[in-house]
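As structure tokens, here come the structures.
Shared chain: chain A. Partners: chain B in the first complex, chain C in the second.
After this line comes the complex of A and B, so read on.
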């Protein structure tokens, strides 16, 4: 009897937790979905200035400065991105237009200012380096959720945040074999991501280093935004520090901005 | 007259520049909510000044030197300063761009200047107007041009200047309409600019009339009737980016007429009338990009094909496919063809001793681009081979970015073929290697 009581008392605080966990535990895919929404889909639209510092293991630094405009297509998961480069000199005024569709290949165009030319570019290179950084194109605009098998491994604290730890294994072969993501339970922002290679060694490490709450235009909503991010190539020591400034949400970006016209005549109002 | 036109463009540019400076004051009305969301109060500079320093050297590797040539084995040796001055009114509706080069040509031993682009622009509603010297690029080909009827600088390209120098600006006006279902641009060019072909002082190429004592050039006179007009109507149609083109103007490579066939003393180079009608389509396809382009070249001054001094009418067709094979490694292939109309008339009218072209000229090309070390190294190869002309062109290049601002490149232009009268074959003895240093600011 005593034994039973003790065990009962020991279990008491644990049981409700297990119970709650079993009841409310969101499926891994759902967490990833929410995380994508928090990281890539906040607001109806967004404008930000992005500074990327590409830093070699021995400290040599290169810098890319660009403006990113994004608009979510109302009612669908489609998005449009407009990227305009300010620095360095050899890519100044270069612009990218991406029409992103989760269920099929994106449409992408590039504007080469030196010859005033708009060209369509291939959608395949989503795993290619984005302008020579440690980020891939996919890291910039998001990876399709169904492209991976997601598993909730555990829950743990990372710094001050309670996190889900999700393992995502690509269904088709890519240059990494699995990704572990620490997703903040409150904001659903990924705070840390580890990419593993075929030898199951850590290859790339992403961290969200600063999270800010940014009010949307009109003040009704606000959005948690990772304004400092780092992607590090653990093997080479090369890393890319990203600082995002002048973030604005729900500013009423017109669909017409995301067109060939803007590639050649960038919308000055938004890119400054 | 051309000078007046350019002066007018410059005047407009100054107007916009001064307007953009005036708007820098605090009273400038703005609806820029993004700016109001900023916390910083930095001062904006209304006019941006950028540019680059470029050093270019190209050396002929065949050891042969053109007759009365210059520079010995050097094809190119120059230092350039590019100044790129641009500005926009705060609303962005008015803007100007001026890109000018001053350079020292160490082969000709002279300083010179060149206005690469200089235009003023104004946007209102769905319309964009641009006036001045501007580079325009149309079509979907990679170094094969079907509906890009604008002037090229082949000498620059074949002597290793950066790719942007392949295009020359046109002096005219462009109006573009961007609608929800249809876009259009129309370009009017009152001042004719020909292609820059390789010069006889630095390149070997086929010119049957090179030895004629007097050489004259006749460009189309400036006037309303001679104004070139180019139109492009375009939209996205299902998965395709579709463009339809029309052009009324001139061939940009000259025909040559002799004063006397038997004993010529004067060769007159002239630019025959030409119209071009075409279309292009481009779409994502199997994770790559598929391109298709066709155009009909209506040689208006020689519709019968009997005038040997003027190219016959022809069809030009192009198909291309480009995709990434691995991370930072892209491959593209193209098939290009020219089909001559009235071939029999051409053959019958060809003067004795002149090399005869085939009715069909086909070229296949491949471009490979590999980027390494966080895209600080770029290895590329463009290779073109014509099975009909039996000639080829190779351009390998290595580029390295030492810093964000400083880059170096080295490469080669290699030509060859069975005959020295075909497009690439004629440049057979002009093989060269080039080296470039560029500092951006």
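After this line comes the complex of A and C, so read on.
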């Protein structure tokens, strides 16, 4: 595990080079690694406002509005997330802190303002729903690349984009048995993902519905960002629409923000 | 007019028998050609139309709370305790394999490996599957056992309070067949279970097993019943053509009516699947023709004359008795339940086919019997003449002489029957359609002994306002209702959002039991539920509260499928809420399969009971029209009334439920029990017109048509007696009832009618000739 993480980190600086000889059909695992990099690791840090609409099959809605702060741990594939809730009203001021490790379950803390209490939560990322949505924690922060066997099935067009179609089969039993991902050859963002269940039927469907190019602070780099995403539970008809606004990269978030302390005293500067 | 039409029809049939037979065969082939289009529907729920409020509300509740209508429960019992490595591994393996099965809603299969447990680990909050990996050490096993038994959310739901039983709940798609999935699950079970016992229960299994069995048993017992009737018929008349004639009539009516049903694209439902047996029974009516024909031929030795005379004599009673039967069944068309309506019309149509055949096919076949073979038939009746008719004649004598006494005894019976009738309980319990020792019923019983119960109900609290279900006052109200309902020992488990809130409150406070209560502010409740919704599977929360937190679902597990349990639950709920109303005028409405059964029971069964009463009135009117006399009409009606009163009196006295099979039978009894009285009265009136001697005419009627009546009754009873050996209790009920209906109505007609006619001859005969 350690080795794979390390190799992933070593790979990161050479990613542009790989991009250069992309014609030579990169291996499936490389594509997945680049896709993860593009989807989860853009910039050194990131701040965004996330609106999640949880919609039932017959159209009933619940809305969650939160600010998400993310910082990549320099030198490793670890990340830290700080989530601060604005809506629904009765959970305002609730906050989550997630320390993400690709190769094991995240560390999570939660602040419950009504009882002014911080609790660490131990849970399985692959099966716990992210704030009641159709996304799991794993979907939000990424899955360990070597945990699956990746195969490049074919290359095909999806809408306007040329895509790799990658099949990922988990090595150990998890909530799905197979994932098909359509990865944009240019941006390496996953445009569509199909999750199959134990009966080998399509169970969940992810789509990136809108991609925007967001310039990083300082204007040196820019990042392709999926600002509208949907995850649909095909079996139950439930779906989650995500809209991401006010995205900013490389804003210089301090590691101290991602601590238990800020759960109770959130960094006002960033969460407004 | 009627006489003339009958005469013309039989004349034609006797003159052109091959034409009649040929035409019948052609028509029958045409109807039989529809059979391959058959579709089958065994779900009793479909007996209420999709538009019925209870179905619509049920569907709505299931949608709003992400619930599934059909859930199979695989119970696992180990008297030494289910928390051991072998059993736990099997549970994990079974869950995994069951989730792979097509038709299973994999994401909502509930077992130790899929259900999350929220616990406090030190100051941490742990949300983990109850069984993530099989514990290695005895200490770990004991820890798991403790975790299970400590969590009130699990007790009686996925673990028994003593740790000896668990269940895997398997929701299936609405289109899936519960029996087929149960069969697949059975294949997964360990061949050598050791101390484990595996039990399959749940509504879809009972329903679909019944559906499958029903066709099997019908396929097995209709031919056996037919065969027994053939043999009995042959013993009575010693004539193969007569047996052929009778069976052809039955077959033709079955093929025509089922062909029509299938051709019109109606699915064959539990009820209409019984039509063949019913039609076979009704077709025995032609025995009256055989009986009279044998007598007549013996007297005049002229085949054609004997046949035409026979038809002229018995034609009218046959016409009226068949029409009465048809009316009895068609009265079901007044029911609101579509399959009941269709069943009534199908059997009504089949009865009319039998009527048509009685005047066409039967005479056509009889005229083809070679003369030298008929005397045999006549002689075989003559031989028994020495014993039977005379004993029947003696019976007639006694009935006339002791009329008062017999009437008195009848009155006494009536009184007892009345007591029984007042005790009749309308109830439908599908599990009781299986025998006590059957797998389905055993599984249901054992699981109800150990876990919360195999039947489910929902009580949905609904407020005017969003977020009302976060209000601690509301939650306390629901909690109070839960505690109240749990006082009923048949309510094995209650479960609501309250239980989650209490659990999270306790776990957040370092597992301090003092915090296992509803917190004081709505904000706290809201945040706890949010926390729960973000760590576990969202559907767990969805099952108990709707999206705007305007409705809460209280889930009940009931230990019995009796409709009465749900009726009591509703009664208790109403009483409790009257004394402790929920805040903001929130209302509570029931739903779920148990409630559905209750409504079904009430609507379908009471509906059938009403149509049955309507049928009674229709038949009475028909009788008055036929006899052109109010008194004769009522008199003819009495044996029917008496038979029905006695049968249902006994049903009430022995405490058998008035359930769907019994309800179907009530309509049958209506059509069947009237036949004999119509024959008796019709034939008596004819005889009295020809020989106006009251006593002689009565004794003659008992002796001669009475014989046909008894033959018919015995034939019928024998045919259906074999059903007592069926595996499904409704068929046993059908068998016993048929026998009882036939014998009783025959006895009533032959014993009571002469007595009553004699007693009331002054009113009935009034000096005028009929």
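Assume the second predicted complex is superposed on the first by the 244 of 272 C-alpha atoms of A that agree within 3 Å, B and C clash if a C-alpha of one lies under 4 Å from a C-alpha of the other, contacts with A are read in each partner's own complex, and residues count from 1 in each chain.
As a working rule, contacts are C-beta pairs under 8 Å (C-beta built on N, C-alpha and C of every residue); 3 or more make two chains touch, one makes a residue touch a chain.
Since we're looking at a predicted model, the values are computed, not measured.
After alignment on the shared chain A, the placement of chain B and chain C results in a clash.
Contacts of A:57 after superposition: chain C is touched, whereas chain B is not reached. Applying the stated contact rule after C-alpha superposition, one finds that A:90 touches each of chain B and chain C. In the superposition on chain A, A:213 makes contact with neither chain B nor chain C.
When both complexes are overlaid on chain A, the residue A:121 reaches chain B and chain C alike.
Set against each other, chain B and chain C touch different numbers of residues in chain A, with B touching more.
In the superposition on chain A, contact of A:129 is made with both chain B and chain C.
Contacts of A:235 after superposition: chain C is touched, whereas chain B is not reached.
For the superposition on chain A, the stretches of chain B under consideration are 169-177, 241-249 or 367-375; the one running into chain C is 367-375.
Residues 54, 56, 62, 88, 90, 114-115, 117, 119-124, 127-129, 131-133, 238 of chain A lie in contact with chain B in one complex and with chain C in the other.
Residue ranges of chain A in contact with chain C, taken from their complex: 54, 56-58, 60-62, 88, 90-91, 94, 96, 110, 112-115, 117, 119-124, 127-133, 173, 197-199, 203, 233, 235-236, 238. Residues 31-35, 37-38, 44, 50, 52, 88, 90-92, 95, 121, 123, 128, 134-137, 140, 162-164, 166-167, 176, 178, 180, 183, 234, 241, 282-284, 287-289, 291, 322-324, 327-328, 330, 371, 374-376, 401, 403-405, 407, 438, 440-441 of chain B are the ones touching chain A in the complex. By the touch criterion stated above, chain C contacts chain A in their complex at residues 63-64, 66, 96, 99-102, 104-107, 121, 123-129, 132, 467, 470, 508, 519, 521-524, 526-528, 530-531, 533-539, 541, 546-548. Per the touch definition, chain A reaches chain B in the complex via residues 47, 54, 56, 62-63, 87-90, 92, 105-107, 114-117, 119-125, 127-129, 131-134, 175, 217, 238, 246-248, 251-252, 256, 259-261, 264-270, 272.
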